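Heads up, the next two complexes both have subunit A, just with different partners, subunit B and then subunit C.
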Partner chain A sequence: MAVTFEKTREAKSFYSGRWLKFLRDNASIILIYTIILLVIGIAAVFNENFRSPSNLVNIFRQSIILGLIAIGQSVVALTGGLDMSVAQVARIVGLTVATIFAAEGSNPDLIIPLIFLGLLIGMAIGLFNGIIITRTHANPFIITLGIASILRGINLAISSTPIRGIPKAYLLIYDFKIGIIPVNVLVMALIWVIAYIFTTRTRTGRAFFAVGGSERVARLSAISYNRTLVVAHTFCSVCAALTGLFLLARTGVGDPSAAEGMDFQSIVAVALGGISLYGGRGSMIGTLGGVLLLATLSNVFNLLQVNIYYQQLFLGLIVLITVAAYKSPRAA
Partner chain B sequence: MTNVSNNVPSDTVILSLKHIEKSFGGIHALSDVSFDLRAGEIHALVGENGAGKSTLIKIVTGAYTPDAGEIQINGSVYKSLDPTQARNLGIAAVYQEFNLLPELSVAENISLGAQPLGRFRLIDKKARSALAYELLERLGAHTHIDPDEVVKRLTVGEQQLVEIAKALAINARILIMDEPSAILPSRDLDRLFTVIRNLRDEGRGIIYISHRLNEIFELADRVTVLKDGQTMATKNVADTNHAELVSLMVGRPLTDMYPPKDNTPGEILLEVRDLCVEGTVYHVNFNVRAGEVVGLAGLGGSGRTTVCRALVALADVRSGEIIYRGKPAPRSPAAAAQAGLVLVPEDRKTYGLVLNQSMRFNLSLPNLSQFSLMGILHSAKEKGTIYKIIKNLQIKPPVPDISTENLSGGNQQKVVVGKWLLANPKLVIFDEPTRGIDVGAKAEIYMRIRELTRQGVGVIMASSELPELIGMCDRILVFYEGRLSGEIPREQFSEEAIMRLATGVKVNEE
Partner chain C sequence: MKSTITQSRSIRSYFSGFQTSARFVRGVDLAGQWAAPILIVAVLIMAAIFAPAFYLPTNLKTVGIQIAVLGIVAVGQTLVLLVRSIDLSVSAVLALGAVIVVQTEAGGPLWISFVEAFAVAAAVGLANGLLITKRQVPPFVATFGMLVFVQGARLAYTKGQASGTVPEILRAISFEQVGPIPAALIVWLIVNIIVLFILQKTRYGRWIYAVGGNPAAARYAGIPVDLVIIGVHTICSMLAMLGGLLLSGYIGYVDLRLGADYNTNSIAGAIVGGTTFTGGRGNLFGTAAGAALLIMLLNLVVVLGLPIHWQYAVQGIVLVMAVALQGFRQFLLSR
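On to the complex of A and B.
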C-alpha cells in the first residue's frame, strides 16, 4: 500500500524535500543536542577534570532529579498546562516518609511500604489537581500554583528543620551501582522510556497532543478532555513523588527545603527541549536534551566555580532566549 | 413595504471602486467589482453569503489589498489602502462584532484614539465627557446613554450607537454598516434607522449591508447586488422590487457536479421537538431519517448553525427535546461523537483540525479505538487505514505525515470529512461542507455524502450555497430569525422559493 503512494507525483515531489523537512521539523531537537555536544566538547578541551569518565557519569547522576520532574512536567506541558506544584509534591513526599522513618526508629522493613506510600501521595495530589482543573475549567498554572501554596504550608507544619533517622538501606536507592552505572540512572531511563511510549504509542498519548493542540477539536473528536487532563496531572505528580523519594535518599535527611526551584527549572528544561508552552507540540527526546544541557552546564559551572548567583541569572537568561527563539510562528 | 425614502442624493461621488479583484489561495473572492457611493446616500449592498460583501468592505477599510483595480476617494486614486490611511480619509465601519473595550466608559471608548489633553498634558476628563455628550446628542442618544457609563452595562443597541459615535469622532464621511440589524432586537431598529437617515442628511455616504430585503426598501436609496464576486447590478431602490433582487442574487445555472440521488429514507434517526436556544433559536421541530439528506437553509444569524451545534451539545439547549435513535441525545460533544452523531463543523480551522498536527494524527483522532489494543496503538494498522482513506478521498499530497496547516482548504476539508467517514457514523451534520473550497473538492465531498446515505447514514446539510442544497437534499428546512419558516419538498426546490422563506418575504407581498 505504502509503495503505491510513494510512486505518485505529488508524493515524489514532496519526498524530494524530505531531508529539508526533517531538519525543519526537528530543528529544536537538533539544535539542543548540537549545543550539548558543543558545551561538552569545549569543556572537555579546556578542563581536565571534566573529561574524566567519573565526571561524565556524574552529569547523568546530577540530571536524575531534574530529569524525573521534567518528564512529568513535559506531559502536562503537552496538554497546554504547567504544573507549578511539582517541587512541593517532591518535598511533601520526602518529609512524610522521613517523619515516619524517624517515628518508627529507622526500621528498614518500612522501606518498601513507604516508597509505595510516597507514590500514593503523589498520585492523590495529581488526581486532585486534575479534578479541580477540569471542574473549574481554570488555567492549570493558577490552580497548581494555589495547590503548591497549600502544600508549602503543610510542609512547614510537618517540619521546619531537617528530619534525621533515615535507615542506611534506604540510601541505596540513590547510591547503588551496577558496574559503573548508578541504579538511579537506570530508573530514570526506564521512566523516560515509559513516558516516550506513553506519549507516542498510546491513545492517551495522542489525547495529550490533541487537547494541547486544540481543546475544541479534541472534544468534538470523541476525546475526553477531563480524563486526559486528570491522567496528565496524575502522571506528573507521580514523577514528582518519585523525585522526592530519590532526593530523600540522596541527602539522607528529610529536608524542608528539598526540590527548591525545581518547578521553575523543570519548565526551563521542557521549554529548552522544544515543547511548546502553548501545548500540543514537542517530544520526550527534546525534554531529555533540555535536562542534559542544564545538567552539563551546571556541572561546568561547578568545575569553574562560578558563583551560584550567576548560575541563577544565567538560567533566567536561558528562559528568555528560548522562549524568544521558539516563539510560535503562528503567533502573528 | 413601499419605498418611503424621498431623499435626493447629490451627484458627488465620494467613493468609487473600479474593477476590483481579489483572490485567496487561488479562489476568487472578488473577480470584477465596481461600486460607487455618493455623498448623502444610503447605498445597500446585498448578496448571498460568500458573494464577496465582506471582502469588499475589508478592501475599503484597508484590511485587504486588492489584486487589481483602483479605489477613488474624493477624486484621488489609490491602488490600495492601509487601515490608518482609510481612517484618515474618513472611512469608518461598524461591524457586527463591536470594537469596544467593555470595561471602559462610553467617553473613554469614543476618545480612545485621541484623548483630549488638558493641563500638564494629562487627560482632560471633563472635555472627554463633553465631547462624548455632544456626539451622542447628534445621534439623539444623549438622553439615554450616559458618557460616563461603563460600556458593558449598555444594551447591544446602545453599544452600536457608541460605535457610530466613534465614527463621528473621526468625522467619518464614509460609514459602513455591516448587517447592523442582525444583532438588534426589533424595537431598536427604528431608532437605528433614524440615526442612519440623519447621518445621510448631513451629507455622509453610508454603505448598508443587510440580508433583510424589507429593510433595504425602507431605508436605502440605491442597492448594489453582488454575486460570486461580481457586481450584478446597481439599481435605484425606487425602480426595483423584491423579486428582481432575489433573482439577481441567485439565478445561476445548476451544474452537474451533484451525483444523482439514489437513496431511500428509512426509519427516523433524529427527532427535534420544540427546540429553543437562548436568544437564537425558537421552537424548532423536525426529524431526520436514515439514508436521507435534510438541508438547512437560512441566512447568517438565522439560527441554522446554532441548531447544528445544539444537536451535538455544543450550544446550550434551553428547552425542547432532541431524540437520537429513540433516546435523548448525548449531552457532550465527545459522547455524541462516540454514539455516531457527528458534526463536521463550519469552521474547519477552529473546530475541525488540530492544525499543527499531521494528516495522520487528525484522521486517526476520533478513531483511535479501531487502531489500538488495551490503549496501545497498533501503528501498522493505523497507517494502512489512513493510506486507504487518503487514496479514497484523493487528498493531496498523499503524504500522511504532512502537517494539516500546509494543506489547501479543499484538502483540509477532505481530512475533516475523512476522519468521520472512518468513524462509521450514524448521523452526520455537515455545516457549510464546501465553504471556500475548489470545485473538484466540492464534487468529491458530494460523492462521499451520497455514499454515506447509501449506507443508511442520515445527513443534515446546513449551507448558504443554495445550488448545493438543491442538488443534494431530499427536503430543505428554511430558517428565518431563529424560527423554522418553512419546509420545501424536493419537487418544489428553487432558489427563489428558499430565498423567499429565508428573507422573511410573505407570499402575499409578491
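On to the complex of A and C.
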C-alpha cells in the first residue's frame, strides 16, 4: 500500500506542470502533427513544385477520399473492431450509381435521388455488418472481411469494365470551388466536425469508447453493446458510401477497381493517428493527422516520381513501425 | 437473499440476451464441429446429381492439388488461430516464395534458393510473432501490415513483372502422380501427420492448446507463452511458403496475382473445420475437411459454368457463415 502511495507522489511531482500533463496525454497527436510539419517543411525547402499554393490545396483535395473512409474506420476502431469492407462498399455504391446513370442516359435530374440511394446502400450494408456481428458474437474484422469478399463478387457481377455516362453536373461535386477552396474540402471538414462532436459530446458517441474499453463494463453500465456496435458499423459504411460517391465524381466513370487498397490505408491512417487498435482510446484529431500525413507523403512521392512499387513497400514499413511504436496495453 | 438471486439471474439474462437449453448448446457445438464433413458429403451428392463433370479424373486431380495447397496453408493458419492469433500475411509469403525460387533458378544451385525461400518465410513469421508478443500489436494489424510490406518487397524485387520457369522438382512434388493420386496430396498428408504428432504427442503441442485456452493461466503455469506464439507464427509462414512452392509447381508459372485469395480461404477453411477465434479449440481433421469443402465449392462454380466472380461470393459466404457459427458456438460454450 505504502509503495503505491509513494509511486503516485513521485509520478505527480514529475508530471506536476499542466503543460507536461497535456503533453503526456496527447503525445501521439503531438507526434503526428510534428511529423507532418517536418515532412512539409523538408519538402517545401527542397522541392519548389511542392510549395506552390495550388499544390497545398491539392493535398487537401487528395486527402478527402481517404479522410472520409478513415473517419468511419476510426469510429469502428474506437469500439475495438475494424471494418475491412469499406473499400468494397465505396466501390459498390460508385458502380451502382454509375450503372443507373448509364441506363437512364445520364439524366441530371437523377443526381439527388441517386446520392440518397448510394447512402442507403451504405447504410444497409453497415446495418447488416453490425447485426451479424452483434447477434453471433463473431469477430468484426473477419465478418467484414467475408462481407468484403461477397461484395467483391457482386461488384464484378455488376461490371468488370469502366461505366461511362455520368452527367456533367455530377462531376461538380468534386470540382466545384469557392475562390480557391474546393467545396468538397469544406464538406469533408463539416463531416469531420460532426464526427468529432458526435464522438466527444453525445451519449452514443461516448458509448463507442466505453464499449471499446471494456465490453463487460459497458454492459454493466447499462450501455447497449449491440446498439452501439450497430451504430458504429452503420456510420462507417455510410462514410464509405459517401467516399464512393466522391470517387465517382472525381474519376467521372464507374471504375470497377475504385478504392483499391483503401481498407488498408484507412487502417494505417487510424493507427498513425494514435487510436488504440484494441479500442477505447484515441480521437478524431489524431485520425485527421494520420490522413494528412499519408496524403502529404503520397504527394511528395508523386512529385519525386518514386516508383509505385517502392511506395507500397514504404507504406508497409510505415505501418509496421507505427504499430510497433505505440505499445498498447493488451486487452483483457 | 432471494432478491440477490433474482438480481444475478437478471444480469445473466442481460448478458445472454435469451435463454437457451442445454440441448441447444450441445446442438450448436456439434454443428460447429461436424459442419464441414457433413457438408462435404452433401456437396459430393449434389455434385453427382447436378454436375457429373466434377467426377472427371482431370477435374478430380485439379481439386486434389488445390485441396493439398490450401490444406497445407490452412494447417499453419489453424495453429495460429489455436493461440488466439491470426495470420493475414500467408498469401504474400506464398507468392514471394514462388518468386524467389523461380527467379534465382537461373543462377546458383537450386537448394540455395529453397533455403533462401524458407529463411525469408521464417523471418516473416518471426517478425509477426515478435510484433504480436513483444510489442503487443493486435495480430490482425501486425500481419496485415506485414502483408502489405511483403507484397511491396515482392513488387520492388520483381519490378512488377515476374518471369522464369518453375524448376522440375517442384513439378515433381506437386503435379506428378504417385499411383492414382497427385504427389501434392501426399505432401499434404505428411505435413498433417507431422503437425498432428507435434500437437498430440509433444509438450510443445499441449502448450499451444494451453496458451490458446487461457494465456494468463498458461503464463502462471510456467509456459513460455511468447515463445509458443512466435514459434507458431514461424511454422505458419514456413507452411505458407511450402504451399506457395506446391502451387507454383502445379500452375507452372508465376504471376503477380498468384495466391491472392489464400488469406480469406485459409481462414475460412480452418474456421469451417471447427477452429474458433478465441483459441484453444480446433483440430487438424476439421481443418482438412474445411479446406476440402471450400475447394470443392469453388471448383463447382467452375464446373457449373458460372461466372468466375461467384467464387468471391462463395468464399465470402462460407467465411461469414463459418465465423458466425463458430463465434456463436464459442459464446454459448463459454457462458
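Here is the rule we use: the second predicted complex is superposed on the first by the 311 of 332 C-alpha atoms of A that agree within 3 Å, B and C clash if a C-alpha of one lies under 4 Å from a C-alpha of the other, contacts with A are read in each partner's own complex, and residues count from 1 in each chain.
Throughout what follows, contacts are C-beta pairs under 8 Å (C-beta built on N, C-alpha and C of every residue); 3 or more make two chains touch, one makes a residue touch a chain.
Note that this is a predicted model, so its numbers are computed, not measured.
*Asks:* Which partner, once the models are overlaid, touches more of subunit A's residues, subunit C or subunit B?
*Replies:* C
*Asks:* Return first, second, both or neither, reflecting whether A:Ser221 touches subunit B, subunit C, both chains, or no partner chain.
*Replies:* first
*Asks:* Check whether A:Lys177 is in contact with subunit B, with subunit C, with both or with neither, and answer first, second, both or neither.
*Replies:* A:Lys177 sits against neither subunit B nor subunit C.
*Asks:* Please work out whether A:Thr136 is in contact with subunit B alone, subunit C alone, both, or neither, and reply first, second, both or neither.
*Replies:* After superposing on A, A:Thr136 lies in contact with subunit C but is clear of subunit B.
*Asks:* After the superposition on A, what does A:Ile147 contact: first (subunit B), second (subunit C), both or neither?
*Replies:* A:Ile147 contacts subunit C only, not subunit B.
*Asks:* Between subunit B and subunit C, whom does A:Arg51 touch in the aligned arrangement: first, second, both, or neither?
*Replies:* In the superposed model, A:Arg51 contacts neither subunit B nor subunit C.
*Asks:* Once the shared chain is lined up, is A:Ala210 touching subunit B (first), subunit C (second), both, or neither of them?
*Replies:* After superposition on chain A, A:Ala210 lies in contact with subunit B alone.
*Asks:* So, A:Ala324: does it touch subunit B (first), subunit C (second), both, or neither?
*Replies:* A:Ala324 sits against subunit C, while subunit B stays out of touch.
*Asks:* For subunit A, which residues lie in the overlap of the subunit B contacts and the subunit C contacts?
*Replies:* 219-220, 330
*Asks:* Enumerate the contact residues on subunit A facing subunit C in the complex.
*Replies:* My answer: residues 82, 132, 135-139, 141-143, 145-157, 160, 219-220, 226, 264, 267-268, 271, 277-278, 307, 309-317, 319-320, 323-324, 327-330.
*Asks:* Given the complex with subunit A, which residues does subunit B contribute to the contact?
*Replies:* 312, 314, 332-334, 337-338, 343, 345, 350-357, 361, 364-366, 368-369, 372, 375-377, 379, 383-384, 387-388, 390-391, 396-399, 402, 405, 419, 423
*Asks:* Would you tell me which residues of subunit C are touching subunit A in their complex?
*Replies:* Residues 11, 14-15, 17, 86, 127, 131, 135-138, 140-142, 144-153, 155-156, 159-160, 264, 267-268, 271, 277, 307, 309-320, 323-328, 330-331 of subunit C touch subunit A in their complex.
*Asks:* Which residues of subunit A touch subunit B once you look at their complex with the stated criterion?
*Replies:* Residues 1-2, 4-5, 8, 10-11, 13-15, 201-204, 206, 209-210, 213-214, 216-225, 280-281, 330 of subunit A touch subunit B in their complex.
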